[in-house]
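One structure follows; several queries about it will come next.
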Amino acid sequence: MKKLINDPNNYVEEMLAGLVSAHASLSLGGESGRCVSRSQPAPSGQVGIATGGGSGHLPLFTGYVGEGFTDACAIGNVFEGPTAQSCIDAIRAADHGAGVLCLYGNYGGDRMNFDTAIEMAELDDIACDTVLGTDDVASAAPEEGNKRRGVAGIVLVYKAAGAAAAEGRDLAGVAAAARKANAATRSIGVALAPCQVPTADAPNFEIADNEMEFGMGIHGEPGIWRSELSSADKVADGMLERLLPELDVKRGDKLCVLVNGLGATPLEELYILWRRVGERLAQAGIEYLPPVIGNYVTSMEMAGASLSLMKLDDELEALMTAPAKCPFWSVS
Amino acid sequence: MSIGPQAIATFLERLNENAAASEQALNAADARLGDGDTGSMLRRVMAAMAHAGAGGAETASDAAKRAAAAAMKETGSSLGSLVATAAMTLARKAKEIEASGRTPETADLPMIVEAIRDAISARGKASVGDKTVVDSFDYLTRYLAQGPVSLETAQRAANDALDQMRPMPCRIGRARMFAERSIGSDDPGMLAVAKLLD
Amino acid sequence: MKKLINDPNNYVEEMLAGLVSAHASLSLGGESGRCVSRSQPAPSGQVGIATGGGSGHLPLFTGYVGEGFTDACAIGNVFEGPTAQSCIDAIRAADHGAGVLCLYGNYGGDRMNFDTAIEMAELDDIACDTVLGTDDVASAAPEEGNKRRGVAGIVLVYKAAGAAAAEGRDLAGVAAAARKANAATRSIGVALAPCQVPTADAPNFEIADNEMEFGMGIHGEPGIWRSELSSADKVADGMLERLLPELDVKRGDKLCVLVNGLGATPLEELYILWRRVGERLAQAGIEYLPPVIGNYVTSMEMAGASLSLMKLDDELEALMTAPAKCPFWSVS
Amino acid sequence: MSIGPQAIATFLERLNENAAASEQALNAADARLGDGDTGSMLRRVMAAMAHAGAGGAETASDAAKRAAAAAMKETGSSLGSLVATAAMTLARKAKEIEASGRTPETADLPMIVEAIRDAISARGKASVGDKTVVDSFDYLTRYLAQGPVSLETAQRAANDALDQMRPMPCRIGRARMFAERSIGSDDPGMLAVAKLLD
């Protein structure tokens, strides 16, 4: 797998340097040097949202720092959780005196380090709460929903939580909105080709030329099944079959839909996938907001796509359509 | 035998060598159901700890703290964070002993390893029986309590933990979804403990 | 090469159906059924901008239809020019009574079909002018600049021309702005891995695991040289060495920079590339607008990146920073 | 011999078969310095023309017009657009002849082919000597003018054009950049003319 990089050991540092040099709205700092935050922080008295995660998923996680999204992001090495220090940095950067919601994907390392960081932040009298992204239906059975991992759907949860914070809700209110948004969100992905960690000497999984992996993890963890590569329409149908019942979506319900590319899959294919998804939803009398389509949560050069659905009620719809702005997603 | 900064540094160097030697084997073990990075991450973390200057510390607790800080700086991965927790627990326990006016010694190890087991279980929210490094440390705790307190005992404990847990399903992380597939395979973290002590 | 598609023969139709169903601002129509235009056309009396080109380059060409960008786009099959009928459709859709600028890349098929379409449009009393995108420095020597092909830089020219039209300039004025913008723009690309036309049974070129192609065409045509894959910094340096002298860029000059991904290359790598470009420009005392970084002009799943520079004067800077909005690029 | 709709349909069917048979060879010729699609595009265009219902037309001009419209609908590629131009020129010339009260015949072909050469040269802005299909049609024009007007003459013309132009550098399109590399290779469009007439 070829990469346009320099020393693999500098991958994360150079990526971050480029990111913040390109986007004046983002600043890099913290004691760890691994914390991206808003150059123009939210007004004092607004609840802050801190997030974090491993590198290799751009625009996730750092790209969603912005007005109406998150306030700060702790950045780990490729596919590793952020260190406790960078989590503390992010919590501090996100604190505007009204407490901080730690909102991140449910991964072991991330959880351990944010938990440590929260203990320390609380010594500094920063009130914290935690909501974990758990949208990946392939990572645990529905009965164990709280053990599921977070994948692309977390971007939708950022949007809802960010809007709740911007509205001026208190910490409990923002956490409740994030919890509700996460509970209403499900994702499933399909991988066609692997990616490779810059320091590794082999791709993170192998898959035959005519195969696809349904329900793989965003680090290339095995999925629910591996089968012959099928048509985009069949993949779309399979995804909807998994997701709609989980959310108990019925005629007349309204969804927010994210068709996400994992990295190497062309936009053309995402639109071909969306075409079927939109058609099927329309046939079933299910409404949707203008869909969000593109590379929002990636695994470097992994090929494939994921579908995320959020079932809306009036509150969530208002949060999802509120104005917001970050380098990779604007709603106006 | 008393455990000073130099003993800790020597032990870290040993772990570092073993981590480097088993990098690919551990990656492969993790690739089966995980993301295949256990070995590479551990190599980096162990190198960072070995180069943290533990040997130059004044006390055992300070030596362990340097190692813990190096690990914490290097990674936020699951296993790496637990490694840092383990080192930090060693530092904390050593400090308690030093506060009582003596230096830590071999006889303290059963108590320290037990504290590590409890700390990483609390940190990772995994219990004995979930098929993680917590189980390795549970075996270590029990075998060292029985004695003799030696590397051989520790090796036996780590390997017995592997053998005993191999037929069990994994109950932590994404591998949980593939409980059947995890039966018969080694947990990469547990395998790492055995390889590091090798 | 694996693709998430249905029947390859329906690739373009299904992609377009998905695109316009996702973006309410875009409408598909024309007699050819291969014309994308603004759902809310520009006001009557405004000069229209029609563009067009082959499929397989999303967001190019269709994605840049919008306020302050282009008005309509003729869409060809993958890597083939648009048909004359779709060009006529685009010219008609772009016509608001003040004439139409046909602005597209300098490719044989595209030119032939737009020329035919313009002859027909002029029979309908639609005044037309043509500006060809010719930014690809690898496609002809500087002395033959007008024979060069258009690559990613055309997106920057769209922006300038669209702003000129939105300002209310007449056809000659909009054409002059587009000509000036194109004359000030240069691009060069580097390919790491090929793509595959959906109906083809092999990738469009072969390249060894340790090689890269410097200056390749966006359909995979051979470049200036093929060499061992080098570091991102060296690639950035090589690109700047080609582009800066062409534009006679000196200390104190100001640029608009586009770091473009060809499709499969992760955003991380584009930022690593940008980091070096920005550093080098800063060292040389060359100013720049906030850079545009992402997948703006692709060749499906081709891996690699291109760098485009536009040398600004006051007029071009004003045009490049004027508010504009299309599904894939907003300036506000 | 008069050239009616059926003769045109039969000729299109022949071109279609030849295009299908030479698809990969033409793709390969184009892949050397171009984008490798000449053959696949031509197969599609020729199939569309062959299925345009030329045989059911009332007149030769109408038959050629149907074929031209089908080609124009199918592609906007360089060569495809020139193929459409060629068919449209045939339609135009046939119509002129029909307007004079007779049907086109074999003897009209030299004049028609010359008109096609001029039309595609105007359309593509390439001249004789640029190493494109314009050169093939220039040879066709000259050989057919000499006679006899037959398929064999046309084949000879197309092949001689290939042989004569092979050592020349390409002067059109991106391949121009690689003028040296184009020396010694067939232009894919010229090769296509030879293969289609085969």
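All chains are identified by letter, namely A, B, C and D, in their written order; residue positions are counted from 1 within each chain.
We take it that contacts are C-beta pairs under 8 Å (C-beta built on N, C-alpha and C of every residue); 3 or more make two chains touch, one makes a residue touch a chain.
Here the structure is a predicted model, which means the values were calculated and not measured.
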Within the chain touch network, how many edges lie on the shortest path between chain B and chain D?
-> 3
Averaged-CA centre spacing for the pair chain B and chain A, given as whole angstrom = 31
Computed distance of Cα centres, chain D from chain A, in Å | 54
Shared interface positions of chain D, touching two or more other chains | none
Mind pulling the chain C residues that touch 2 or more other chains?
-> none
Chain pairs that touch, by label, are A-B, A-C, C-D
What residues on chain A touch chain B, complex-wise?
-> 32, 54, 74, 76-77, 79-87, 107-113, 115-116, 138-141, 144, 147, 149, 197, 199-200, 204-205, 217, 219-222, 224
Flag every residue of chain B that touches chain A in the complex, lowest number first.
-> 27, 31, 33-37, 40-41, 72-82, 85, 123-125, 172-174, 176-178, 181
Interface with chain A, chain C side, in the complex: residues 2-7, 11, 14-19, 21-24, 55-56, 58-59, 190, 192-193, 195, 209-210, 212, 229, 231-233, 235, 263-275, 278, 290-291, 293, 295, 298, 300-301, 303-305, 330
